[in-house]
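Take a look at the structure set out below.
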Amino acid sequence: MEPIPVAILGATGAVGQRFVQLLDHHPWFKVTTLCASDRSVGKTYVEGCRWLLDSPMPEWARDMILQPTVLEAVNEPIVFSALPAEVAQDLEPALAEKGCVVCSNASAHRMDEDIPLLLPEVNAEHVELIHQQRQRRGWRGAIVTNPNCTSTGMTIVLKALDQVFGVKRAIAVSLQALSGAGYPGVASLDIVDNVIPFIRGEEEKVSLEPRKMLGTLKNGHIEYHPLTISAQTNRVAVLDGHMVCLNVECETRPSPEEAIQVLEAFALPDWLANLPSSPRPPIMVRRENDRPQPRLDRMIGRGMSTIVGRVRADEVLDLKMVVLSHNTIRGAAGASIYNAELIVQKGLLP
Amino acid sequence: MEPIPVAILGATGAVGQRFVQLLDHHPWFKVTTLCASDRSVGKTYVEGCRWLLDSPMPEWARDMILQPTVLEAVNEPIVFSALPAEVAQDLEPALAEKGCVVCSNASAHRMDEDIPLLLPEVNAEHVELIHQQRQRRGWRGAIVTNPNCTSTGMTIVLKALDQVFGVKRAIAVSLQALSGAGYPGVASLDIVDNVIPFIRGEEEKVSLEPRKMLGTLKNGHIEYHPLTISAQTNRVAVLDGHMVCLNVECETRPSPEEAIQVLEAFALPDWLANLPSSPRPPIMVRRENDRPQPRLDRMIGRGMSTIVGRVRADEVLDLKMVVLSHNTIRGAAGASIYNAELIVQKGLLP
Amino acid sequence: MEPIPVAILGATGAVGQRFVQLLDHHPWFKVTTLCASDRSVGKTYVEGCRWLLDSPMPEWARDMILQPTVLEAVNEPIVFSALPAEVAQDLEPALAEKGCVVCSNASAHRMDEDIPLLLPEVNAEHVELIHQQRQRRGWRGAIVTNPNCTSTGMTIVLKALDQVFGVKRAIAVSLQALSGAGYPGVASLDIVDNVIPFIRGEEEKVSLEPRKMLGTLKNGHIEYHPLTISAQTNRVAVLDGHMVCLNVECETRPSPEEAIQVLEAFALPDWLANLPSSPRPPIMVRRENDRPQPRLDRMIGRGMSTIVGRVRADEVLDLKMVVLSHNTIRGAAGASIYNAELIVQKGLLP
Amino acid sequence: MEPIPVAILGATGAVGQRFVQLLDHHPWFKVTTLCASDRSVGKTYVEGCRWLLDSPMPEWARDMILQPTVLEAVNEPIVFSALPAEVAQDLEPALAEKGCVVCSNASAHRMDEDIPLLLPEVNAEHVELIHQQRQRRGWRGAIVTNPNCTSTGMTIVLKALDQVFGVKRAIAVSLQALSGAGYPGVASLDIVDNVIPFIRGEEEKVSLEPRKMLGTLKNGHIEYHPLTISAQTNRVAVLDGHMVCLNVECETRPSPEEAIQVLEAFALPDWLANLPSSPRPPIMVRRENDRPQPRLDRMIGRGMSTIVGRVRADEVLDLKMVVLSHNTIRGAAGASIYNAELIVQKGLLP
């Protein structure tokens, strides 16, 4: 198979770097355009990017010239977007109109009615909204988005529980990694010997995005799941890996052991499980009493798995547990790439 | 007034050091005995103690000779105990029998029926259980305990809410400081770039201790508060200051603004408010959206105040908020000292 | 004595906040003007300042209105400057001309021939350069500067050694705190689980500034000390307190014990030792094998003392040792205040 | 080729875990015995080992039964030792006598006259001392040791410089990672917001071990290199990767550019360069002004390369630079494995 050319928007940022790293040696995709903000345009990637990852920058990326973040610079069938929401707002639809399939990590269009907020483990069928986009908006391409990095892991867990027990209410308290704020992001003086109990806009996303993802596609329209979610989001001194303490109430009041069985049995259909970025396993349940831990567990399944631990009875709701997900892999760049693979597999490229 | 001689048990540990620090220049108490474990006995305090606090060791303590942790070594009317539970189990009652009032931070006797688990802001009247102790057990002295450092701040908040709104259920997720584990405690390899979602025995304490403290003393007996508490406890890379994310359900479903008013109006009767270690204010409500933060707020009220922030409506229960309390001051050594002051004030020394 | 009004330039930054904190209850000075950058002008201090210190913002400062950083805004006889070098460049001389004595933490004028780079422990007599300034430049006021925060502690140690043994060469390797970079300063993603072996411009300052301070004032001119200094500066994950590993070669090849005696005997003349901000002691020598440590020792002498430890024979030069100094107190705001006290004491206010 | 069976002593500790990780899929070696201390004997590896690495424990290791650390338990031709020095003292010679080639990370026998302290990049020819051991001591097997993790990187750099410029004196100031102290090792309360300027026994090793490695093998005897080294060792809050600030004096006073050329040209003979664990490259010179950094650079060459940066003129000696080496890979487990490969290649197995 001929590799499919892809572009990366916002290529020099924290998520953009993850795109570059994860697309190195990708079996289907080949990066042909890197776009960056004005002050880096015209530089090589190695000059314009403060590389923050602990594996070396891929050789092929080092000398690529950074392009401007404009419609004309991008002609690839697939575009990965790590743009700030305000830049994504207009550019992503313009690219979709032009014929690109934009797999976006930006929040700008996540809640648009005809744009899927897609996690293959949860709602692969929502990708069909692409047909609505094309019909209504006259686009040749499309936009698909992935959720906020804190919603990702917990929504996968809620999905597994919901399809057996029916989830009604959840309380989520997060302990989020520094990379979620991008670079330079959180000042070191704010986080050494400290915790910040606030992340702007995050609790609203965590309360709402899972309801769209867990929703039902009917007649080209998504009915949100009626689940109620309360969120409290905190920043802690961890480099990568968002942890969520989750309390869940279900229709059928499962025991912890029943929940563990359901989580461990959670599997993907073959066509999804065989995609290159598919998590193996989708959910891993740890039985030790002190896991998951971000530093030790975030790279399970090459950063794509969702790790659950401490599943136990909750005195107030039904179940409590701890969920861990790699925020810049499963929660950002890896999510967009996995979505792109799903689209290719479904034959939805224009 | 002649200073009252006091002894400190477990004087070289993390909490023991706080006792020494907080009793420096105390207006009522004078430390006359420091007890330590066998390997330090006979050394001076400066030799036997790896001092971990960032203010210098008080001059008077440096050359005090460490005594064995035995009944014979202690003859003071007030004894502060920072003993491990298994040592406290037998020694504290023996001291009480001998005539000492033991103000203990150990967990060994917290749940004993006739032993008060005392927070002056919450249940000063429970100190009357001392009469039960003396009557039933024939003690001349007494034991009073203070709660687990994670329960402390949240119980004070729950008390303020309960007396106006009636609290029914609460979910507490903690982000706890390293000093709560003592020294050497948490290994650095376990906590740099990491979070540990488990603290042995802690969730059980956080679920139960507040119910005793919020309980009602009737006929010399405490009826536990019927409140249900669910706890998830986490260790984070913070030196001092336990933070708790709290969701609360109340009988009367207060609005956040009503809750803030009640928390800010929470005041102590004069006789309590004027004790040397009394928190000023007992509760401080922060209105900024990113407070409280451990490093910035733990020393409010010289480490004795309870700091509350982000009080807002909860989608699942009624209210959510963030509570901060200094774990080795308000949550440990300062708590025992404040309890001792209350006992002196009440004339309950033998 | 009537308090002397003082202004603070750059009042909202990391060093500006230390000025506000250290001038709270100062026996001689009263802050009457706070200047800040354009985006904060007109706000109150509590609104315009992201307060980063762990003691509360002083009450008197909270409601002061932030003034623009312009000549007209400042009329105090003493001005404390925490300005960036490029702003200080022109404004500080203009203020000196207008009649203000500017005690500056900025680097802009440190190396000017007629401007003292002043550490009272080291070169109090250099303050006489003020007369040169007034004569040559026609200023009514003056500028005095304090050195870079890394040079401070090591220069005090080198002074003590130099006056007895004659220092010839030194190698300094620093482990510097985050607050030295201001706020937001170092990104957390750059320093968690990491060290940065480079601080822009720092090594040049550390090599040169001590030579001016240790120099001799002759005929209104400073002859630099011929000492050679090699510096390597590193940033580490410490909030406050710069540590320097120092190797020193002396004319008379002292033994470590001789050096310790000289360091411990280092004393200030009474008129300096009695100034409000004078370090007590000026130098503290720790004999433990693992001290000084930033977190435990930076606040000795209220952050104004220089702490030395591990004084021992050096296999290559003569002596090696570890020096610690609080970078935003002794190395910045406290330094400027101490200099101002010296000027008042000397009767050098206009 | 049939895989060679190997045993690991001290398999559950921090270095022992690295042995297990690095030997996973090793092309020549197969782990057949894991030994541990008494309290773990009889458990499976997964039960007896608190795994601290961020890649999963290899499947083959999980169910291996931990053996006692005794002579009888070990029958492999190659034994990797991560024992404490006091246990290694007697057991390693007994194993060598029995016929095992012990590749040891322990310090017990490093300085023994007939035991090579071996870094293939530096002194591969010292492996010939094995013949002395066999002759003098009647051993069928042998002991070869690798140096202290702080000496490793700097000795490789000194070797490259020495063979062209002749090194005379060096001053080394280290910033060492937490994993160098093993587990539990450094208490978190000692290192959060702190630096510890002391590591027991380390400075002595850093001063002496490089002189043996850089020494000359003549007539079955090693003449130590006359180089003088002064060391100051510090512990910082970094998980892995020891950084050393190095000042060097050479016979021929090279310029920094000459030094960089020599470091970059440093190459190994083919037979060494082709060993499975050989560093590729042996030395990497970074030209950026802020590298190497532990988190970003420690895994270069799969943790086996030595990274050098900031090579510049030194005002006191001739050159200064920063050296980084992964302390538990190149500085410990990887070093022993690389030594074992050299021994196999040389045909020195019994």
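Order of writing sets the labels: A, B, C and D. Residues in every chain begin at 1.
Assume contacts are C-beta pairs under 8 Å (C-beta built on N, C-alpha and C of every residue); 3 or more make two chains touch, one makes a residue touch a chain.
Here is each chain with its UniProt name: A, B, C, D = Aspartate-semialdehyde dehydrogenase.
If you're wondering where the values come from, they're calculated on a predicted model, not measured in any experiment.
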item: Between the pairs B-D and C-D, the one where more C-beta pairs touch; value: C-D
item: Inter-centroid spacing, chain D versus chain C (mean Cα positions, whole Å); value: 42
item: Gap in Å, rounded to a whole number, between the CA centres of chain D and chain A; value: 40
item: Centroid distance [mean C-alpha coordinates] between chain D and chain B, Å; value: 48
item: Residues of chain D engaged with two or more neighbouring chains; value: 52, 192-193, 237-239, 295-296
item: Touch-based graph of the chains, sorted into line, ring, star, complete or other; value: complete
item: Chain C to chain B touching residues, read off their complex; value: 51-56, 192-193, 295-296, 298-300
item: Interfacial residue positions of chain C with respect to chain A in the complex; value: 14, 52, 178-179, 183-193, 237-239
item: Of chain A, residues touching chain B in the complex; value: 169-171, 173, 175, 192-198, 207, 228-230, 232, 234, 236-239, 243, 245, 247, 289-296, 309-310, 314-317, 320, 322
